[in-house]
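Presented sequentially are two complexes of subunit A, the first with subunit B as partner and the second with subunit C.
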Partner chain A sequence: MGYSLNFSVVWRNFDKLWGGLALSLELAVISLAIGIAIGLVLAVIYVSGGRFTRMAIAVYVEAFRNTPLILLVYLVFYGLPQIVDIRYDATTSFVATLSIYAGAYLVEVFRSGLEAIPQGQIDAGRAIGLTPLQRLAYVRLPAMVRISLPALSNTFISLFKDTSIASVIAVPELTWGAQWINLNTFRIVEAYLVATAMYLVTGYVMLFGLRLVERRFQVARNA
Partner chain B sequence: MHEPLLTIRDLKKSFGRTEVLKSIDLDVGRGEVVAVIGPSGSGKTTLLRCINFLETYDGGSVRIDGAEVGYTEGRKRRGERALARMRAETGMVFQSFNLFPHLTAAQNVMLGLTKVRRKTKAEAREIAGHWLGRVGLGHKAEALPSELSGGQQQRVGIARAVAMEPKILLLDEITSALDPELVGEVLEVVRGLAAEGMTMLMVTHEIAFARDASSRIVFMADGTIAAEGPPVELIASAEANPRLFSFLARFRASHF
Partner chain C sequence: MLDAMIYALPFLMEGLWITVLVSLLTVSISLVAGLVLGCALIYGPLPLRLFTRLFSDTIRGIPILVLIFFVYYGFPAIGVDFDSFWAAVTALTLFKTAQVIEYVRGAVESIPRGQSEAGMAIGLTFSERLTSVIFPQALRRFLPPWINGVTDAVKGSALVSLLGVTDLMHAINQVIGRTYEAMPLYVLGAFIYFVINFSLSTLSRRLERRLSHVQA
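Entry: the complex of A and B
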């Protein structure tokens, strides 16, 4: 009851939050980029692959989508170096984890995008003599990008929020910045309120921007 | 010599346990326009799709210019690249247009020209412009399919197919997804191609058009060719062919 808000210590240490936000965005963007690469390659392999490859990919997707991210983060950072001879700092470890995690989601996004393309368009590509690779490059992938774009934006925003989990292995992103202020000043409410506001504002700005991009593509698809 | 351009012999095709094509024999000569009619489900689409190997078949042969389309002489399935090369020799126009939605009208026509025919962008653009002009869409080159009417989309579909200079053009009920007032503009384009000597095999429900534009009509029923002949003779023979008679009876009132 006796707690009165005092934001001045938060402003004095604002660089921790500001730098944290920048790192959070960086983690999300890099993980998204790697996740897109993983997702694209595996989705293409999935739709053109045999039973065994499909099963292997499905196992990866299910395993990573159904495990709490925080456990994966612990496993990769603390567990993996115990088993195999590998060394990395917390940030690298987290990017690797989040990328593989994002990949699992994006395989699904791209796979369903690829499978949603009307057979007639693929037939049209075959009929003019395109090879399978050409059909993929000029017919299927462009159509898939349009279909997958909304899900891709949502994934990006989720990833941005998921970066807060990196704080558990002391990656100095936004949530960690708030924790630092809390531990050093005991202004717990102020620190977390400001961090929350920063997540919200950034998330909404991204959502708004991505919807604009989507709309441009949408116009091209069914105006 | 004077061998037909397209030779189909004993063609058989089943989907699971349903026999969809039961020993089809059909020849189409160079410059000939052959119409295929028949009730829905009789195998017309499947026949066309076997000709450019969009569908594999279980027996018999399909030859264009003497070469089997889908299989090597030892009846091994051709590799994908060889198949693609063979398919480029046949043009196909679809009932549902199937334009590439992310490409403009011109780009739809250019894709095969640049990627399959290896034309430069400039050459392809010129050819696309020529054919779009021919189908009356010179002014719509930069339009996306979604900005075009059904009739216009289908004319782009025709331009896309003929720009590849195929040996034969396969048309599958190309007007049946169109509003009645748009049918005429598309048939006019086909008539023009026929007049120029394009070899065509066209599935159609436009009996009057089949009668006027084709040199031969093939009537399919239950996966077989139940009757065939020059339009006037075939239609006259319907009195003696109950299946053909009942099929044509549905059109008589409206089209004759």
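Entry: the complex of A and C
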């Protein structure tokens, strides 16, 4: 059997894909930012907290890491408004879901980063008379950021790919754009070929960019 | 709320069976393919190494959801026809294979060169060095991330619902379509997935702790 590719309808509707890619990136960036905030706060609380707080944070982390993202997306968008009186559009709902999901991964990233800081650095901070808060701000957090940077950029790229799941609640991101072209033109193979290429190129451009940033801030390993 | 859950349970169990089946197929096929291609990536001739690297990097760069649609809609266009179930399994297996390749590479490369040189020095052939020097040691580095990766396969299998395969996720949505009680069912579904995946990741952590003793 033969199938002849015809990309012309894809190019004619390219704004759907291009706009979708922009929205995908936006969703990933916003979710990453909120996820970093959640992760940072909880990681600091975790390493200095008691048994009970550690337990509560561990429950959050495990609950979100062990459930499929698509189920969480449905749960927040369709389930939650049934039992609490809140209203939000699909995009807001997805950003909320992805942020909390990202937070669960980033707590672990930051926690292991904080725990990997050599005790000598913290002792040195104490020796020059820094208060616990100053030690956190000037010694532990900067060192932690350097250590966690590679894991952080991996998380960002994962989040970018995860934004494709927003299409199931009709958020007009890149995958939804491909589906739109399919529904309206039936040129499904072409639509997904172009969308896939866009995911790949964007993902690898981000990866190389982030690796450059990482090299710039690399921890001096044998210092 | 409890009524809705009890009503749904038989449907969900049927769906769960498909989820388990999809996950098992994905995990076992990708294990074999990943081991073969992983070895090809490390020891193969240059063209094969390049091909494997390209395969792994491309597949891992595509969102799983897009990969599933791509295989489901795209493969029939080039003459490969299969139903939604096998399309889903193929897509998930491709993705998992790429991951297994990287686990294999990481595990084998963590073995110091001296080990294989020592094997060479006592006159072991290449395949003997692999089977009695490299692989037994690499296995310890391979198992924990691999088991942990099984949870990704189970989570990823929820996406097959979008092709109309009645897995756990799809069964949940079907019941909600009848009862309109979304929240209890999503919570129940999340709990079922959680139990499976948490057991797997706990197993992986235990194993990692045990095997790290051997390393010393």
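Going forward, the second predicted complex is superposed on the first by the 218 of 223 C-alpha atoms of A that agree within 3 Å, B and C clash if a C-alpha of one lies under 4 Å from a C-alpha of the other, contacts with A are read in each partner's own complex, and residues count from 1 in each chain.
Rule of thumb we're sticking to: contacts are C-beta pairs under 8 Å (C-beta built on N, C-alpha and C of every residue); 3 or more make two chains touch, one makes a residue touch a chain.
None of these values were measured; they are calculated from a predicted model.
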Partner chain in contact with A:212 - subunit B first, subunit C second, else both or neither: neither
Subunit B versus subunit C as contact partner of A:67, first or second or both or neither: second
Greater subunit A contact set [subunit C / subunit B]: C
Which of subunit B and subunit C A:127 touches, first, second, both or neither: first
First (subunit B), second (subunit C), both or neither touched by A:139: first
Common interface positions of subunit A, toward subunit B and toward subunit C: none
Residues of subunit B defined as touching subunit A within the complex: 52, 54, 80-81, 84-92, 94, 96, 98-102, 111-112, 115-116, 144, 146-147, 160-161, 164
Subunit A residues touching subunit B - in the complex, by the definition given at the top: 118, 120-121, 123-132, 134, 138-139, 142-143, 146, 220-223
Interfacial residue positions of subunit A with respect to subunit C in the complex: 1, 3, 62-63, 65-72, 74-75, 78-80, 82-83, 161-165, 167-168, 175, 178-179, 182, 188-189, 192-193, 195-196, 199-200, 203-204
Partner subunit A, residues of subunit C touching it in the complex: 58, 61-66, 69-70, 73-74, 77-79, 151, 154-159, 161-162, 169, 172-173, 176, 181-183, 185-187, 189-190, 193-194, 196-198, 201
